[in-house]
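Chain lettering (A, B, C, D, E and F) follows the sequence in which the chains are written, and residue indices restart at 1 in each chain.
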Amino acid sequence: MSGFFAMGGYAGSVWPAMALTFGIIAWNVVAARRSLAAARAAARRRISMEDAP
Amino acid sequence: MDWTWFHRFGSPPHLYGLARRLTPWFAWPAALLIAIGLYGGLVLAPPDYQQGDGFRIIYVHAPSAWLSLMAYTWMAVAAAIGLVWRMKAAHAAAASCAPIGAWFTVAALGTGMLWGKPMWGTYWAWDPRLTAELVLLFLYLGYIGLRSAIEDPQRADRTSAVLAIVGVVNVPIVRYSVEWWNSIHQAPSVMKFGKPSISWPMLTPLLIMFIGFTLLFVALLLVRLRGEILRRERRAQWVAEVVTE
Amino acid sequence: MSGVWHCAQLVIGRDLRLAFRNRAQLLHPLLFFGIVTTLFPLALSPEPSRLRDVAPGVLWVGALLASLLAIEFLFREDAQDGTLEQYALSGRSLTWLLFAKTVSHWLLSGLPLALASPVVAYGLAVSPGAMPGIVASVALGTIALSLLGAVSAGLTLGIKRGGALLSLLTLPLAVPLLIFGAQATARAIAGADMSAPMYFLAACAVLGITLAPLAAAAAVRISLE
Amino acid sequence: MSVHRLTGEALHVFRGERHVLRGVSFAAQGGEYLEVTGRNGAGKTSLLRTIVGLVHAESGRIEWNGLDIHRDARAFHAQVAFLGHESPLKADLTAMENLHFAIGIRRTIDATEIARALGETGAGGFADRPVRTLSAGQRRRVALAGVVLAAAPLWVLDEPATHLDADGHALVGRLVERHRASGGIVIAAVHAPLPVAEPGTRHLGLTSS
Amino acid sequence: MSGVWHCAQLVIGRDLRLAFRNRAQLLHPLLFFGIVTTLFPLALSPEPSRLRDVAPGVLWVGALLASLLAIEFLFREDAQDGTLEQYALSGRSLTWLLFAKTVSHWLLSGLPLALASPVVAYGLAVSPGAMPGIVASVALGTIALSLLGAVSAGLTLGIKRGGALLSLLTLPLAVPLLIFGAQATARAIAGADMSAPMYFLAACAVLGITLAPLAAAAAVRISLE
Amino acid sequence: MSVHRLTGEALHVFRGERHVLRGVSFAAQGGEYLEVTGRNGAGKTSLLRTIVGLVHAESGRIEWNGLDIHRDARAFHAQVAFLGHESPLKADLTAMENLHFAIGIRRTIDATEIARALGETGAGGFADRPVRTLSAGQRRRVALAGVVLAAAPLWVLDEPATHLDADGHALVGRLVERHRASGGIVIAAVHAPLPVAEPGTRHLGLTSS
């Protein structure tokens, strides 16, 4: 197992690359959902504004 | 020719509903394929005879690089459709592509740099492909910057569409010119891209990753698209129904 | 109704007159070019052979930046004081009016830069034989740069402090021009055949003349909304 | 020549998030003056900019002589003279030069005609000074001369009398009267009514939303 | 009466808030720096050894131009919308208020430039060992540049399109900074002792802090007339 | 506290080559309103800018409480609130933020005070919107709130009611009245007289040279 993590001496490159990529993927998932949630919240705010006189 | 399908497809409420229904159909397969590809790439594939285990970066680097280019093309096509047919949904799609594409450009640059260190002995070199990718990042940043600098969404849509189209003309020109530039000045040979002679056990996980990343892109696009549609259609009645339900 | 040529003449005449009234503006691109290219030898070493090596790069980066700074002013002022609004409402083709504006920009920046480039090149230890080639390449390259700049300027019009964006938008687009321009200059210095990069620059200029004014007009119209 | 006619129907205009005009309609024809009034923020400027096509209405339509103004925008614009809150003048050019270049694009014009218009708007005395050295009201007068010179049937003026003295106020009234008399249409947003005769004047009051 | 520190805090706070509200502006100096330094390798050759040779020059010319462009905006906007007039009439020391403005300029341009310079230097094939020295020299040099820029910006305020004059006035004054800054960087790259040029840069910064705000205030006051 | 007093004596002001003010004198003391009138180009703006010290007079002197204003300019400026033709506002900041930063330099101030002043000038409804999205008159109201908040005994206002509607015009009158009542001095250049009571009002008519 430790051989797997050592990546034949390339651990210093391979794991940061993986971390970077999957970090970016995770962030993109979060950011996409947040952007949708923000748009929904804005629309809802707007509707409550319209309802008010 | 009957164009009603086109307009129905482009109608925001329809597209919004479609995007919502389709998202899981892309998201889950994407997660699955990426997991499989990763296992195949990191565990099953044998080490490269030249690069050892270092080559495994390819499983995230190549798909990211591919996504960065694909997202730009989609963005420009969507922008052109939006500009020509004045279709809000297309502008919304273009707007959704940009941040995703920019992030994967960063991923491609980052993983490439991390790969370059053991392979070439440096993180960065002025190789044509690298330079073109860097210019692509600048283009994305310009597009996003322009869009965020204009408050009115309609204006932002149409202005940035002009830029996306001008930029897409430019991408191949940059690629070609950078290549030519570099071939004039002899580049140190270590910095050449060695196209790894690739075997099936290595290639299969890569192909799976490509498909997984593409599906992931579509899933991300669909989620962002919904947000962008809501922003543009916030005055419409159907939005009220959608967000209060 | 006055003809389209007369219109273009008026637009160009006005820009030129404004420039001559405000000498500083007229000299700006030139000064900037001169200063940037002077800073380099100062910051680097004054050895002629090394200077000659970097000459194409210094010359072209200087010309690019000078041209960009100038075009930002050209459009921004007209936007601020409402002139562009009046152009858009003049009942004339905005594309044509903006093309005329781009021509005046080139006359006020590209042309002087091209004419001044031998002086700068001489300061970078380039031999006199290379000068005609350098002038020709700078003149041709700046045409395309002006056109490109007009598009970016149009895109960033509505934006406060668009200058930041302007450079961000233009510079990636200008990369091919820079590479081929510098290459043409390098060949001129080396005494080699410079037709290939020159053809490329010419192609860019032609492409620019046909497309850039359209894109600029579209952008300006949107930004006036 | 038939009588010009400008109509707006059920205009809805948004500025950013704000629903500024909610179903505004109006009509004016050759020889009429349409006075747009309303409190600060009522939407006067937004309406005028929509009329000349600088702002797009979300819904509703504006027609000039029966044609949508966005159909052949260029032909429509050739018939409009627009003056906004700010006077579109180059500070470094003189009044004469400013008008020479600005109007020359629309139509052939010579110096005597410009000088006459400047005289009419009380700007004759400083026609040859760079605009940067003029006072606020003097600049406005130069801009008004530009409107006169445009020779367009439709005038769209946003608070034309800003910075003008009492004489200037009366002058704007006279200019409007004259333009009406020659079959033109004037639309102006004002806070203090212009001295214009009531017959042939229409009123459009905007209420803040 | 609120204290002078509170005043400075307000001036700086306002500039920072404006910058953060307008991201493009915040990124401008950085992007400009990044792009200019990317253009150089494109216009020159991509060979690491040649890039390393020109690195100090490219780095410093890039930083200088980025810093200057930023300061022009910083003052011009405040002049146009009447903010500087209000500062002059605030009953506070204009010198002090302008000093605070210069600090915000440095925070928004010099500091980010210094922090980004290792990235740029790496692209120019500089080895990582040289980075701390490069960051220190750029940080110190940009302090003096910001102060110098404030004076020139003040002098050119009253002038439309002062940009031309601004560069003309500032660049000659900036030449010593450029020479010593580039020297410090070159020494950092060569691994040599860089204390002599650093002392010079520090002296310039100290001189600037004592004199520049006074000169800037005098210049602004004149230009408001 | 003694009564404030501002006097100008035999002021001669040049703008460029132009001899704009030829021996203008005036005086005003606490509780008075000095109305400056004159045709376009008469020199109103030049006079006001001379009074606050932004323009230097060729000859003559201006005294605040018996001291030349250039003697201790900073102390004098702390006592003046100046509003020119343009409203000094940052388009990217909200009305609240604008005043927070602008007034905070002069004196300590908190949000409720700013909100109250904005409410008084009819700008309460858009205090939290970026100024770029405000109409011309709305911006002017924000600028007026700034004058109120400066808490300076001397107000120097150049056409304060520009772009304001009828209500706004009345509002300016009320603000002037209140400031006078609290012992302040108001100097304003106007074209249409402000609704201010005649007792305690002085008139200074400038004639074009």
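As a working rule, a contact is a pair of C-beta atoms (placed from the backbone, for glycine too) under 8 Å apart; a residue touches a chain by one contact, two chains touch by 3 or more.
Computed from a predicted structure; not experimentally measured.
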Starting at chain A, fewest touch steps before arriving at chain F: 3
Touch-connected components when chain B is not counted: A | C, D, E, F
Set of chains whose contacts include both chain C and chain A: B
Farthest chain relative to chain B (centres taken as mean CA coordinates): F
Proportion of interface numbers common to chain D and chain F (over half same, under half different): same
Between B-E and E-F, the pair joined by more C-beta contacts: E-F
Distance between the centres, which are taken as Cα means, of chain E and chain A, whole angstrom: 35
Between chain C and chain E, centroid-to-centroid distance (C-alpha), Å: 25
For chain D paired with chain F, centre-to-centre distance based on mean C-alpha positions, whole Å: 30
Touching two or more other chains - residues of chain D: 16, 56, 91-92
Residue list for chain E, restricted to those that touch at least two other chains: 22, 24, 27, 31, 35, 38, 42, 77, 160
In chain A, residues with contacts to at least two other chains: 46
Residue numbers on chain F that touch chain E, as the complex places them: 52-56, 74-80, 82, 84, 86-93, 97, 100-102, 104-108
Touch list for chain B against partner chain A, complex: 34, 38, 42-43, 47, 52-54, 56-57, 60-61, 64, 99-100, 103-104, 106-107, 110-111, 114-115, 117-118, 216, 220, 223-224, 226-228, 230-231, 234, 239-240, 242-244
List of chain D residues in touch with chain B within their complex: 14, 16, 19, 56, 58
Chain E contact footprint on chain B (complex, rising order): 122-127, 131, 134, 138, 141, 145, 148-149, 178, 181-182, 185, 187-188
In the complex with chain C, residue positions of chain B that touch it: 135, 138-139, 141-142, 145-146, 149-150, 152, 154-155, 158-159, 162-163, 165-167, 170, 173-174, 177-178, 180-181, 184
